[in-house]
Each structure stands twice: as structure tokens, then as C-alpha cells.
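Pasting the structures in now, so scroll down.
The following pair of complexes shares a single chain, subunit A, combined with subunit B in the former and subunit C in the latter.
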Partner chain A sequence: MTVEAPVFEETPPEVEPARGAVDWARKNLFNNWYNSLLTLALAVFVIWALLALVRALFSADYEIIQANLRLFMIGGFPADQLWRPWAATYCFTVLFGVVGGSLSAGARDRATEAGLPHVRTTFRQIVIRFWPIVGLIVVILSFTTTVTPTLLTIGALVAALGAYYLGRVLPRAIRRWTWLIAVVLIVAAYVALAGFGGVGWQGWGGLQLNLFLAFAGILIAFPFGLLLALGRRSPLPVIRTISVTYIEIVRGVPLITVLLAGAFAIGFLIPRDLRPSLVTRMLIAIIAFEAAYIAEVVRGGLQAVPRGQVEAAQAVGLTPWRTMRLIVLPQALRATIPAMVGQFISLFKDTTLVAVLGITELLDATFIVNSQSAYLGKGLFVVTLSFAALVFWVGSYTMSRESRRLERKLGVGER
Partner chain B sequence: MKAIRLLAVLAALSLVLAACTQAADTTTTAGDGTEAPATTAPDGEETTTSAAGGEGSTTTAAGAPAGDGRLAEVQARGSLLCGVNNTVPGFGFVDETGEHVGFDIDFCRAIAAGVLGDAEAVEYVDLTAEQRFTALQAGEVDVLVRNTTFTSSRDGGLGATFLTTTFYDGQGMMVGADGGFTTIEDMTDTTICVLSGTTTELNLTARMADIPYTPLTFDENPQIQAAFIEGQCDGWTSDKSQLAGVRSAWPEDQGGPEALVILEETFSKEPLGPAVLDGDSQWAQVVDWIVLATMQAEEFGIDSTNVDTFTDTEDTNIRNFLGLPVETEEGTAPFDPGLGLAPDFAAQVITQVGNYAEIYDRNVGADSPLGLERLLNELWTNGGLHYPPPYR
Partner chain C sequence: MTATMDYSDATRATGEAIIELEGVDKFFGDFQALKDINMRIGQQEVVVVIGPSGGGKSTLIRCINRLEKHDAGRVMVDGIELSDDLRNIQEVRRETGMVFQQFNLFPHLTVLDNVTLAPRQVRKLPKRDAEELAMQMLKRVKIPEQARKYPGQLSGGQQQRVAIARALAMQPKVMLFDEPTSALDPEMIKEVLDVMVELAHGGMTMIVVTHEMGFARAVANRVVFMADGEIVEVGTPEHFFADPQEERTKLFLSQIL
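== the complex of A and B ==
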């Protein structure tokens, strides 16, 4: 609503002494008659909108969210097997803890070796850094009707802290294998959900399914995208043509089309006995789509590596494979991190498109609950859709902030 | 260096995940085979790989013919794939625990009870309006019970076979009680609100051919409701069951349900019922007779609470219907009409799901928030259209 104070680079600061808010407002908001008018009009509008929002927030009937919270989070997961999603949640909190701790320990060691002081991230800093997620968890817990989820969340927090310190004290030799711990934990989370009489991803729903489709989609698509990007730069014409054709065809088609093709075309092409479940088909479609986009992101990174780097590598006698692995890819992939996170954010939001095919992910769940007899005709779409919007905003905003942090840390923009 | 490690992790992860996909699929398949069919875990699509008409069919019917039809396939799979809607109040929606409930859903359960002897052995496939016939054609659902109107073009052009209508609906008009309209003819020069892009809109145009009016179209029912409260609409047209649902939930501060009147006239026919894929008449008649059994049970006065008391009945018709042993020339045996179902299938349906009246009242009728009257959905003996053919 307000215009940011212009940066005066040439004027010395003492000519424009900061004399408090009134002075700043007069200079920036009321410096002539039409700006004053605009400021007043906008102020009235902002206050009116804020009041309306606050009134709506406090008068809304949140019972529909309270009653359907489980449906929003995990869809129709069997009620007597709730320990499974919780176990998976614990796997992931421990995973984040261990990885965070070992990264922090790595930074500490590097700082010590370089003789620099190492500043530890405090708990308070983490809470401030992840305030949207912390806020979302508080909001979600405030919708729960029993105390169990709150206790379990506190337990998960404790587990994450424990894992963080474990990650920090791990000896270096073991720390090199942190990625293996992460893989084991991810597999453990899947087994907790699906193994031994659990529910495979065909039966998942709610936010759980959105997260699964987004993470599995991007992780599995990455190697394919990398191969496509290398294929597109290959000197071999056949490989290059295939890669270019694939990338350009898929990128020229909206995701929803690929999803519909996955649902219907595969449905007719593959005999029913061999046909994978609808969710699996959606996952395949997402991977096929994302691979093409990741290929272009990676290609951008590859092109950012100066030609001199490759020539230097050849000059010292590295084979083409080692040149790629040791010189080109490390630089190229680092340059792609911000774009990859952007791709991931957009995929996270795009996973709601599977609702078109009748899969009850979060957005669809917030829509269909309005057909329940208790909330019929009450016009609660606003409430439930706001909830979905909040969840997606928190996820996307946090990822975008973290990506910017990472970008600054790696100095991607400066090379 | 770090990026390489990252890459390695990602590659390893993707491999593991890919491996998981296959492992998961095979394990769930194996798990399904050994478990009771009572689990509704929707992962049974893979289980159809086992030979159709195999051991699975022995669980239900001794008289079930081996074959490669849909009936044998469903029995081998041990669960019914039922294409449903999840957004229609009273007919098919998802409750707070994520379970499907509703009038249509109960017919899915009835079919499962009749074919498999277990009303819970249903895997619900949520379908959108656009998707439903494609899913049926691709064989992804065994039966479509999704408030679908039986029309000639759907029967002929979309490869669907429509079975006994479970709900006779029709388009009606709802007006304010104080508006002074008693018939559609009264509504000259009025504004009528309608959902855009539906057959409802076309029916309205046809009905109002000689009456000048202004249509006001909306995309969603809640929008019409808001417009109606603001006084933008004189009338609101939709299927009568939907109007009744809206009326029953009309906000108290707007006068409650009494503030609205649904005019008597019905100006379109909307017979809603289950549909199966063309070309499998055995499966079609199985589904048909299960639906008819719910109506026949009502006619006999049998419901889920009193079905046990009929074991000693002398009435041969009822004994036949419930699959109780009857005296024949060859000895004492239950009556088997040769549908491919267990002789006691109707008893299973009534015990586990209920008769038509129970299904109706529970979901859309007197005991539900919709509170719809039976009207045409009554037995022929009560002036309705339900006339189940004799079971003999």
C-alpha cells in the first residue's frame, strides 16, 4: 500500500536526517494533494478490508474444519491405523533433525579448519526463521478436539531436537553416510504407512497425498531430467533429437493434459489386469512432465559453466566423464538450486490438479466436505478453501524463503 | 564436491523409491489375497491378475458359473469397484472419517452384499461427471452408481446399460412462500436462477417457451443461494431432490424451510439408477436383481430388523426370496433362479444394508436432513412406480 522510501545513493545521509514516522509519512505519503488523497483513500480501504477480514475470521464457523481435519490431512486413511501416519511423521522429523544436525556440524568443522568463528543457529532463530510453519502447526492443533495430537507433536519436536544433537555429535566418518540414514528413514516412513497391512499410496489422500506426489515426483524426475539435459547437449544426433523432441512436446502441453492422458489413455492402452492404480498413473504423468522442465532448468545450469572450465579440465587430462562429474555438474547443479526450488513449489501447488480425476487430495477434500449433511447449504466454502489456501501458502512461502537463503549462502547470484 | 554428493543421494533415492513402487505393489497384492475381503483398502486393482473365476468364487455361490464375465471377475477379486460421486448431499458424499455414505453408496454396498456376501467389500472410485462413462468403458468400475440420468443417448452412444431406476427425480421450481406464485404459469416476467451449463438450463428454456422470463445463471449452488436471499431471483429451478435439500437447510435467520415453497409441477424426467458396461448381460441382471430385491423386500415387509423372524414363514414366495429351503419334487432345497448368485443373496442384502425404504429414509428421506418425501419412489401398491417383477 505504501511506497518504499527511495534509496538515496548520491545524497549524503545527514542531509536527510530521519526525524521519525511523522516526517517520513509527510515526505512519502502526503507530499502533495493527490498523494494525500490517494493515501487517505487507500487507508480507508485497507482498514475496511482488515476489519472485514478480522470479523470474518472471528465469526466464522470452524466446526467444519475441526470435524474434518483428519480428512484434510490424510484423506480416508483407516481410522484404526492412525499410528501409521504418525510413525511416518516421526520418521521425517528425525530425518530433518539428523540432516540438519550433520549439516550444522559440517559447517562447524569447516569453520574451525578455516580458523573462522562458527555461529550456531539457536532454537529461537529457527522458530523465527520458520514462523509460517510454526504458525500453521499451531493453527492445525487448535482445530484438534483431543489432546493426543498436541502431545504427539511435542513428542515429534523432542525427537527432532534429539536427532539434531545426534547429527551434531556424529563422528565425521559416520557423518559421510548421513544420506544413507535419510534413505533408510524415508523407506521406514513408507513401510510404516504401507507395510504389514497398511495402505499403499493408492489409498492415500489429503495433504499427505499432495506432499507425496510433490516430493516423489520431483525426486524421481530429477535423474531423468538430468539425462534429458545431457542428451540435449549431446553431440550424437539421435540422442539429441530424441531429447529435444521429448522436452519440447511435454513442455508444450499443460500438466492437466498429461494427467488426463495418464488417467484415460493409459486406461485404454494397458489391459485392466496390468494397469497401475490411478494414483500411480498420476505419479508417472507428473514424473514425465517434471522431467522435461527439470531438463531445461539443468540445461540452464550447464550453460552457466564457462567453456574455460571444460577446457581446463581437458588440459589436465580428465576424461569426458570425469570432466562432467567433477567439474561441470557440481557448478551447474549449484546454479540450478533456486530454479529447482521454484519448480518444486509450482509442482506442490499443481498436485491439486489430480482432484479433477476424483482423487481426494487436500483441495478436493476441502471442497467435498461441504456436501456433508451437517454443513449443507451453509456456504462454508470460504472457510474450508481458506484453510487449504493457508496450508499451500505456508508450504510455498517457506520453501521460497529457504531457497533464497540457500542462494545467498552458496553465492549463486554472484558468479 | 557437495553437489556430487547431493546428486548421488538423489539418484539413490529415486532408485529406492522406484524399487519401492514395485515391492509395494507386489506386497499389497499378496496381502490382499490372504486377507478377509472386509478390508476396503483400495488397492485391489492389481489383484485381478489372478485367473478369473478361480478359487475366489467358491466363497459365495455353489451355483455360480465359472466364466470370464464380470461376475466371476468380481468374485475372484473379492471386492466391488463402484463408481460414485462424492459431492452430492444425501446421495453420495464423504463423511468426517473419510467413509463414503449416501443413497447411491448404499446400493454399492447392497451389490457387494449380494455378490460377495459382504457389504463392506466395496472399493469406491470417485468419478467426476465427465469421467464417469470413460471409467465405465475402460472397465475401471464394475458398476456406476452416481446419480446418473437414464437417457437414450447414454444407453446407446456411451456403451452403458441402465438398470432399474433407484430414484425418480424431476426438475422443479422453488419460490419464496410470500411471492404469491402457485404455478409456473404465474411466473410471467420474473427472474429465474439456474445453474449454467446443465440440462436443467435447457429444460427451463423448453418449459418457459411461451412465458417471458429472465434467466440468471450461476456456477455453484451457494451463489444461487446468496442471490436468492438478496432478492435477485423470483424462482430457483433444479432437480426437486436438490431443491428439497436446499430448502431443508435454509438458514433460520431467513425464515427457515417455511420461507420457501417447491411448486408441484415437475417439468423434466430424471430417472437415476445404476449402469453397467454393455455386453455382459449376466452381470447386468445380477446387479438389476439385487436392486429389485431391495424393493421386493419392502413389498414383502421384510427389513433388516425383522429378517430373522421369517425363517419359519410358510409363505413360499418369501421362502424363495430369502433362499430358505423349500419342498420341491427333487427334495428340499433353496430356490435358485439361476442368476449366478447365492440363493440367500437377498437375505444378505437385507440383513447387511436393508430394504429400499430403509435405504431411502436413512439417506434422503424422513430420517435424514434432506427429508424428501417418497412421491414416485413408492411401491406401486402405494401409488409409486416401484413394481419389482415377481421373484419365482
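== the complex of A and C ==
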């Protein structure tokens, strides 16, 4: 029997590479009659929508935002105490500057030691990286009526730059204490806002409150989440059961339920004089909720550390506790950064839920200003809600981009 | 591989026993991984353990530093009997270094930090002394110039040599090697074996699970053949390779040689 040689079909006719936009359009958009029809119909719709958007953008009455900008940003913070939020803002810009500069210097030193070239981030790259934030600041400043906020913002940028260079030139011995500088600045920001006759978080509102609830929520929840994650892996059945029960109950309940429980159940259980303020109860509820989610994120990170790492640490004689602290956790937590940022982004958006309990955070503020007598019945919800949406989008989008950048840099998922 | 190597000095006096196993059993569920293992390893002795995969070679040496807990029998290392007592376990681990097939270097630490970690944390050496010691060990494995790099920047052979330096930095009395060259590209095997041969010539007590018969021929005082959780045959390399007694040994050798 003879085996016929396989007959190969001729290579399919080469798809000619499209030359120019006209060619591309003919191939992809107008290659037959119904596609052409669809293309035309969609084109008309897109042009109409764009025009409507532009018209809306330019004809809208932004006075409502202009008049209420302070409410959106800092809620009912007393008007004669405005220096306080500004002082806090300066604390944070300096914080970001110093930490950024010190991290950059650390990367530079490590690269030098390992004999690798270090590419320094340029100012232009930073602006491009943070263009949504830059844009948002410009938009917000365009709603201000005096020149002071603009000047103060420029001052804050200068302060951030100065802090960045300070962070870069700090001697190594001091740089190890950057985290302490950060803590001091955070405390300073809080004292500036609340100390010496200021307003504590119980009275905060607007975007300031959203940011506070999100940052304080995730930071305080983190150690609890870590403990829960470790508890879930504990060899002791009691601890394991408690951890698993807590995590699964909280994760099975919507955040709004936990917030309502915080508002009413905690309020009901604790006598009136000892009862924490509503915002504090919200914060407690958020921490309780986030701890369970962080526990699951950390668990994923712990599982990502190969068993061989623990064995190698044991083999050189490290105790279980040191193995966890020096070998497992550093690797596990690094692997959780992207998921942790995702968790933070969703919390940042979810802080708007406290509006349900009548707390004037940003979303609630953009809603209630429509019942001010000057704007009542004018249907400006679209304008104010768009503003809130823009603020949340800029924050979330920037964080998600930064997290992806960090992910690439740390090589997470490449190992 | 054997042709390129010249490891002639294989005869060394074996001193007092440093590792003793008596009637050791180990189960994974219903599966018996070790069946009544009896073994006595002298100081400065080099024992090479060979055998088909799944035969219990790795389990055997992992019982010696308690990465696996034996279910019956006694394991003694330098006069310390391994039990559930955590202090005994820590003490034994301080005296035994281990090198793994997959290197298991700590990827978040530099080479230098990988090597200094245990001396600083376990033996409480000051940083400076630990780094000096680490550099000595890195010189011994011939990569002192890589000290500031991260494991991920090194080749497999280099990583395994760092792993050897990391184990040596604890100045152990015994070194355990669990298939140290099995995960390496062929061209990197020699650089690791060379380091191990030097270590053997330097008088280190070593138990080596490997498929490198050239290494076994050259430096082993004894070759142990394991299959199905049992020690099937033990002998000096000359006798073991030239004149195996057991059927299973003959079959195995005919398959790999």
C-alpha cells in the first residue's frame, strides 16, 4: 500500500495590508451593504451624542457647583476655620513628596548596589502619569471665585516638590525613618483639623469625609484582616473556627447592612452617654466589613508563597514566628498589593453609602444642594452628580493605574 | 558527565556516628514511605542515596532535619534525639544544612541577605560579623561578586551555589542535599557538583540524594540504594557499581547507566 503524500493546499491569498485610513475603512466598515448602513447609522448617532455632550458641557449652569464647592469639598466645616483643611492638605502634599522622594532614592541606591542603571522619573512623566488628578484640580479651581485657592494650590505643589527633593537627599540613616515622618505628618494633619477648637471627624463632610473613611477604614482594618487571615490558617481549631465564621458571615452581607447595623444596633446596645457619634459608628462598621475582605485578600497572598520557602526557612533554623515575619509575610503582602488597591478603590466609592444615614459626604452634598431655594426644580441633578462622578472616577482611575504600574514593577504574577 | 570529572579521592576514614536512624517508619496517609530504616552515618562520611523516584530518598533526608516527622523509630543527630520538643528540633536544624532541588532562595532578599539571615536571626551574630562570614561562604562557592543581586537575577547554577552558601553560613556539622542538580540545565550541573566535591574533600559530612553517578563514584564513601521505602543495598561505590547483589539494584543500574 502506498501512502499518498499529503497535499498541502496553496497558502491562502495574502491579506493585503491596509494602506491608509480610506483603505482600512473600506475593508472594515464598508465591506458590504449592511455593514455600510450600520456604519452610517452609528456615525450619525455618535456625532449627535458628542454634539449633545459638548452643548451640555458649555451651556450648563455651573453656578450651583461654584456656590457649593466648599460644601462638596469639606461639608459643613466652619467657614472661618478654612485654614485648617488647607493646613491638612499641606501636610499630605508634603507627606506624598517626602515618601515619593525617599522611595525614589531607595530605588536609586538599590540599583547602584546591584550595578544596574537607574532611570529617574522625570517631572514630565509624573504629570503625564497623574493627568486625571491634574485635570481635576484645574476643574475644581475653575469653580472657585477668589484667587486664594489657586495660590494655595500652587503653594502646595511647590511644597510637594520641595519635599520630594528633600526625600531624595535625606541621608540613608534618616531615610529609614521616613515612615515615622509620615505618621507625624498624618497626626499633624489631624491636629490641624481637629485640635485646638477645630472640628473632629464627627463633624466632617464632603469629599474630606469620603477620603477619611476610606483611608482610615482600610488602614485600621488591615491589621485585623491580617490577624483573621492568619487565624484562618491556625492549627488551633477554636481560632480557626472563629476566624472562618467571622469572615464568611461578614462577606455574606452587603456593606449597607453592616452600616445600618452600625448605626442602629451599636446605638441601641450602648448607653446614650457612651455612644460614639454616628460617623464613628460608620467607621467602626466599615472597619469590621473591610477586615473580612482584607483577610481573604491576604489569604490569597499567603497561598501564593511556595511551601519550599517555609521549608528553607525552617531548615536554616528560623522559628515559626520569624519564618512568618521575615519570609512568608513580606512575599505574601507584596503579592496582595494589586488586590488590596482594588479593595481600596471599591471602599472609596462605597463610602458614599453613608449618605443613606444622612451624613453629608460628597454624593449626599451634590444631591441636597438641588433643594436649595435658588436651584429648586431647575433639574441640575445631572450637573452636580456629574461633578461627584468626575471626582470619584479620577480618584479610582488614578489608583488603579498606579496599582498596575506597581504590579509590573514588583513583577507580581511573573514568578 | 562523568568523563569530564576527576574526583579521585574517595577514601576517607569514617569517624564516630553523627547520624543514627533506628527502625524509622514514615506514613503519608495509608502509603508507607519509609519502612524500618536503619542507618548509621559517621563523621566526615559522604553517603550518596540513589534509587527510583517515589522510593523514599527525599523523605529519608527530610526526616533527618524534621521537615517530615517520622512515625516510628528513632532519629539521632549529633547525640540529639528528634522528638516533638521544639528546642531539640531547632538545635538539630542549627547543625544540619539543607540544599533543595528548587533552590528555595528567598526572592525578596539579596544574595547577601539570604546568606546572613540565619546567622543573624538564629545565631545572633552582629550584622558585620554575619556579612563577613557570608562573604567567606560566597567565596567558597565562587560567587562573591553577586552578593548585592537578587536571586532572580542569577542563573540556576548560581542560585544553587548561593543556596549552598546559605546552608554553610550556619556552619553545620551535616549537609543534606535533596537532588541539588535535578532542576539545573546540563551546562550548570558541573559548577554545582564542583562545589560539592570541594566540600566533601574539606571533610564535611554529607548525605546526597542525586542521580549523578559520576559524583557518587568519585566522592561517596558509601552508596545507598533505596526503593519502595526500603534500603535495598549499601556498598562502597566500587563494589556497588561493579558488583551489585540485589535484583532491584541491577535492574535500576541497567536502566540508568
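The criterion applied here is as follows: the second predicted complex is superposed on the first by the 391 of 415 C-alpha atoms of A that agree within 3 Å, B and C clash if a C-alpha of one lies under 4 Å from a C-alpha of the other, contacts with A are read in each partner's own complex, and residues count from 1 in each chain.
Rule of thumb we're sticking to: a contact is a pair of C-beta atoms (placed from the backbone, for glycine too) under 8 Å apart; a residue touches a chain by one contact, two chains touch by 3 or more.
The structure presented is a predicted model; accordingly, all values stated were derived computationally and were not measured.
Contacts of A:Pro330 after superposition: both subunit B and subunit C are touched. Of the two partner chains placed around the shared chain by superposition, subunit B is the only one that A:Phe268 touches, whereas subunit C remains out of contact. Measured by the number of subunit A residues touched, the leading partner among subunit B and subunit C is B. In the superposed model, A:Leu51 makes contact with neither subunit B nor subunit C.
Touch criterion met: A:Ala315 reaches subunit C, while subunit B stays clear of it. In the overlay built on the shared chain, the residue A:Glu113 is in contact with subunit C alone; subunit B does not reach it. Of the two partner chains, neither subunit B nor subunit C is touched by A:Val138. Once the two complexes are laid over each other on the shared chain, residue contacts for A:Ile126 go to neither subunit B nor subunit C. In the superposition on chain A, subunit A positions 326, 330-331, 334 are in contact with subunit B in one complex as well as with subunit C in the other.
Of all residues in subunit A, those touching subunit C in their complex are 113-115, 306, 308-309, 311-319, 322, 326-327, 330-331, 334, 411, 415.
Interface residues of subunit C facing subunit A in the complex, by the touch rule stated above, are 65, 67, 90, 93-94, 96-98, 100, 102, 104-108, 110, 117-118, 121-122, 148-150, 152-153, 163, 166-167, 170.
Within the complex formed with subunit A, the subunit B residues making contact are 1-14, 16-18, 20-21, 24-25, 27-28, 31, 35, 41-43, 45-46, 48-49, 86-90, 93-99, 125-128, 131, 134-135, 138-140, 220-222, 225-226, 245-246, 248-251, 368-370. Residues of subunit A that touch subunit B in their complex: 67-68, 70-71, 75-79, 179, 182-183, 186-187, 190, 194-195, 197, 199-203, 205, 216, 219-220, 222-223, 226, 263-264, 267-268, 272-278, 280, 325-326, 329-331, 333-334, 356-360, 365, 367-374, 376-379, 381.
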